[in-house]
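Same chain, two partners: subunit A is paired with subunit B first, then with subunit C.
The block that comes next holds the complex of A and B.
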């Protein structure tokens, strides 16, 4: 492998990691943008989405890429229930309540998953396992191309939903000015449920793509990605969907570049170094606006 | 506001309740303190090392059951004491380890401790062990620092598993004596050709210990092995593609992994499937675990594991029957097979029982003295001189090790190990797989 080949390969792995981060962080940002709540349990929705996909796959043998939709639908339902019975009652009562609630949810989801699925490490074998495609000077496994394709498709679908549908426009309006949205007759509580459900569905998509890439998983898999998702949305700008996309890609590329150039132990640290630099230079994040 | 407080309080109570539900039952034996030896088992029941930790805890239960069913431990006054196990979950973290050790010692008032997996976690609560002077038989943490460190008193700690120094050296010797000649033969290269070895290691005391042992063995033995790439990763990592890309760029003849099973299986899978790194992967002994074989699937073909206890193979000789009996008892109770850390923890319970029996009391000073003087027949693993004893300097057991090569069984969809080294234990010869690609200078 020549130097250019190695460089391209590292970029490719960075883009792959960035795809997972984009989906997770976009969901988190969608929820924050509309509801302004801090949900540390967002990584647990990634984990539940992964387990739902894996369970359906183990039982039915259906192509896991097709199960993404089922997993996302299931998480819309779970997210709606969590929003209605957990976050809505404490909305506006202070960030401390939200933080403790989400920490409680982390324990509930992790231990609940351990009871249902055990805490053994598990893995899913993609139907395209072992298939590679030539990609310039690289030979790239088909699964990673599919992961990038699905990420792009989901983000494009979200963009169209937010831009072209009435509910999407209402979500944007609520995100921009909650009181103003209420004054013009938007049912913001309904928008909260939809936003939370959609955010969870994006986490489920991230979880599904995580496991079809061959990574092993257990009930504690969501903790680290959730921390990184928070770093990404702060980096990109709180409430900014483009910020989450750019931040996710930047994070994926920086982590893999640092792991290659500086060693694996710098993989996590580099993300936070970049975060600190961006916050010092631009406290609102790359795409954030004052007031968020 | 009142509603919010009540709501969050109720959520926290439910969280704590569910967390409690996932704990293993603390005791399996009588709850009275009369005629009971309380053995604390420190294991990772949750977190990244939960697979191995659960195996250790379950193996301890099988050992206690066997001892108790045979009448228990005879004390000095002629009375019989039953083994009562109390588990402490270290949560695979240093903080969790400190909590577990402190609770077992101060709340549960155990007589002796057994267990400990991650070296980083185990070393975090050694100060507590030193402070309370509790005999502790470490059966999983393999860094030599556990008993070699001088910053705290380690005199109550006994190391019943090979250290990273031992198996790092052993594996490097295997590479030099067995793998290197085969690669040279395949390439038609002269014996003087340096073997190109790469390392991928966990950035912890365990991983660095293996890395250090390999480097030292090469240097002191003046072996014809060149370390062409040494990559590290943080514990619990799941994406290894970038360090593997760097390793592939260095064109190695083989890659030595110092990883836990939940890391080793994805490393090999990602290396062969995603990176196209078709080489020999050498694994440390803790990977000889049923879950490892399951996770690896066909990608494990040709890989090497340094071992002393395997769920799927036993060396010919005295310990084969004892190992099979243990595996059957474990399988009958838990529906799966024990792993190596389980085996040494199983033995750890027997050693604790024997030392207490020899002391005739649960007095900690007396039990420590008996551990120092221990000379009992090997239990299920092959020991040096077929005897369980601790070295006088650093209180370490000495095991007979072997190397396994994995062979794919298409019917099972998994690989199975065959012993290929040393000559007195092997059942077949080491072979380079047909797909193997040797390294070359970049």
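The block that comes next holds the complex of A and C.
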């Protein structure tokens, strides 16, 4: 394959990986925007979402792309429970407590999943496995295109939800000014539960799309992508959804470029190298502002 | 029973020392002695993490300093022929130096940015170890590390235990001393209110860097000790597990107290080994996770505050008073 072909290949891989990061980072941004909490265990929701999809698929054999909705619904429920019983009691006691609490959640989810589903690597076979579409000089698996399509659809759906529905508007109001939202009669605790649940649902979508595209998975799959998603929202600006989208795409591209140039081992480390460089140059992130 | 807090602390310390010194005579099991050595090492590690937390900085990547200390000490010992008892402190100095470098990028950041940068840093160090540095570190396979004491010496395990105990006591005493000096007060001032600390003439950046260096140094000592005790090291040292354990120990024991890391490490080691004997593998982590979350919500000052809390409950019961808001 010629140089241009390799270049296009890396771009496509980057876009594909970027989709997963976009969903994760948008979910985190939603939660951070409304509740101002930092949940390092967000990747565990991605993992649980992936396992729920896989389990339903193994039992029923339904097209896994359709199971994504069930998985997202399940994660809204799980997220609501976690918000109510873990994060709400410590809301406002400091960021460090939230980080420590997420470590507890990571222990529980990873090892709980290992008990239920074992810690072996598993995989799901997509019904479109092996089908590729020609794209100029290279052929792109249909799964990758479907994943980009699903990501775009979910993000557009979220955008409409935030702009057009009452709950969406209440979420934006709470995120802009919590006290003000309370004053105008918004039940902010209810909004917290909804935002947390929605954020988890986006993680479930990311997990589902990741495994449906043929990636192998185990209970520890989620933690590194989640921390990278945090890096993305810091780079892209806290609470900014367009920032999360651009950041996610850039991270996907940078990672795959680095894996190609420096070797696959650098895939995880490179995102943190970028993060550290950006934070040294601009301690508030690329588009971030002062304040929380 | 009425004890003043000072007296309790004094008697507690003496009692703990007596137990620590006499415990090897109560058991002749090599397994338990080995466990005790590892526990002491983790007390140093947890105390090191806690020292950084004193200045309001929570690291999620302390495995990096633990591992750097271990690798540096092993490599220095292998290339110079010096005794591990000397290279431990040289290796830790390397960890402290790296700690200052990473501290330079972290000290101006908000607390949770810092958690992420340190977490990522551990991954970067691990990647470097297995890629660029593989020729000297042995890559994923790891390398052998010279033992603290040769197993041919009669009773070497007992000597090793006391040596590690001595280093542990020295480390905790050093932290205790630091926290009593102006440096310690500056750490606390920065943690409580950075703006006021600045107004009082404390330079937060300088003191945070100092906290980073001291904490990385002690973490490096712990890492080097562990590796020279085991005799082998692999890049798994930099793993997330090693970064999360000190956090778990300290939170359970009591964040920001001298006794917290010690109490937490001992309590959790006992629970952990107890659960192991019931045959749980993944279940152990689930239980630790649940305990951690319960502690954060219901016992935010950790196990060391338990006696106070219980006394408070009993008093309230006796007087049949409505619960008042104790801080």
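By definition in this document, the second predicted complex is superposed on the first by the 285 of 292 C-alpha atoms of A that agree within 3 Å, B and C clash if a C-alpha of one lies under 4 Å from a C-alpha of the other, contacts with A are read in each partner's own complex, and residues count from 1 in each chain.
To be clear about the criterion, a contact is a pair of C-beta atoms (placed from the backbone, for glycine too) under 8 Å apart; a residue touches a chain by one contact, two chains touch by 3 or more.
This is a predicted model, so every value here is computed, not measured.
Asks: Please determine, from the superposition on subunit A, whether subunit B and subunit C clash or fit.
Replies: With subunit A aligned, subunit B runs into subunit C, so clash.
Asks: Once the structures are superposed on A, label A:272 by its partner contacts, choosing first (subunit B), second (subunit C), both or neither.
Replies: second
Asks: Please indicate which partner A:38 is in contact with in the superposed arrangement: first for subunit B, second for subunit C, both, or neither.
Replies: In the superposition, A:38 contacts subunit C only.
Asks: Examine A:104 and indicate which partner it touches, taking first as subunit B and second as subunit C; both and neither are also allowed.
Replies: Both subunit B and subunit C are touched by A:104.
Asks: Based on the superposed arrangement, let me know which partner A:230 touches: subunit B (first), subunit C (second), both, or neither?
Replies: second
Asks: For A:10, is the partner it touches subunit B (first), subunit C (second), both, or none of the two (neither)?
Replies: first
Asks: Could you tell me if A:218 is touching subunit B, subunit C, both of them or neither one (first, second, both, neither)?
Replies: first
Asks: Considering only touches as defined above, state whether A:260 meets subunit B (first), subunit C (second), both or neither.
Replies: In the superposition, A:260 touches subunit B alone.
Asks: Looking at A:115, would you say it contacts subunit B, subunit C, both, or neither? Reply first, second, both or neither.
Replies: both
Asks: Which partner chains sit in contact with A:89 here, subunit B, subunit C, both or neither? Use first/second/both/neither.
Replies: both
Asks: For subunit C, sort through 97-105, 169-177 or 277-285 and name the stretch that clashes with subunit B after the overlay.
Replies: 277-285
Asks: Based on the A-chain superposition described above, do subunit B and subunit C contact any of the same residues on subunit A, and if so which?
Replies: On subunit A, the residues that contact subunit B in one structure and subunit C in the other are 86, 89-90, 93, 97, 100-101, 104-105, 107-108, 111-112, 114-115, 119, 224, 263, 265, 268.
Asks: Provide the residue numbers of subunit B that touch subunit A in the complex, in ascending order.
Replies: 1, 3-4, 7-8, 11-12, 14-16, 18-19, 21-22, 46-48, 50-51, 54, 203, 231-234, 236-239, 241-243, 245-246, 248-249, 262, 265-266, 269-270, 273-276, 291, 295, 297
Asks: Subunit A touches which residues of subunit C in the complex?
Replies: 53, 58, 60, 105, 108-113, 115-117, 119-121, 123-124, 126-128, 130-131, 240, 244, 247-248, 251, 282-286, 288-293, 296-297, 300
Asks: Residue numbers of subunit A touching subunit B in their complex, please.
Replies: Touch residues, subunit A against subunit B: 1, 6, 9-10, 13, 16-17, 86, 89-90, 93, 97, 100-101, 104-105, 107-108, 111-112, 114-115, 119-121, 123, 125, 129-130, 132, 139, 141, 144, 214-216, 218, 220-221, 224, 256, 259-260, 263-265, 267-268.
Asks: Provide the residue numbers of subunit A that touch subunit C in the complex, in ascending order.
Replies: 38, 40, 86, 89-90, 93-101, 103-108, 110-112, 114-115, 119, 223-224, 227, 230-231, 234, 262-263, 265-266, 268-269, 271-273, 275-276, 279-280, 283
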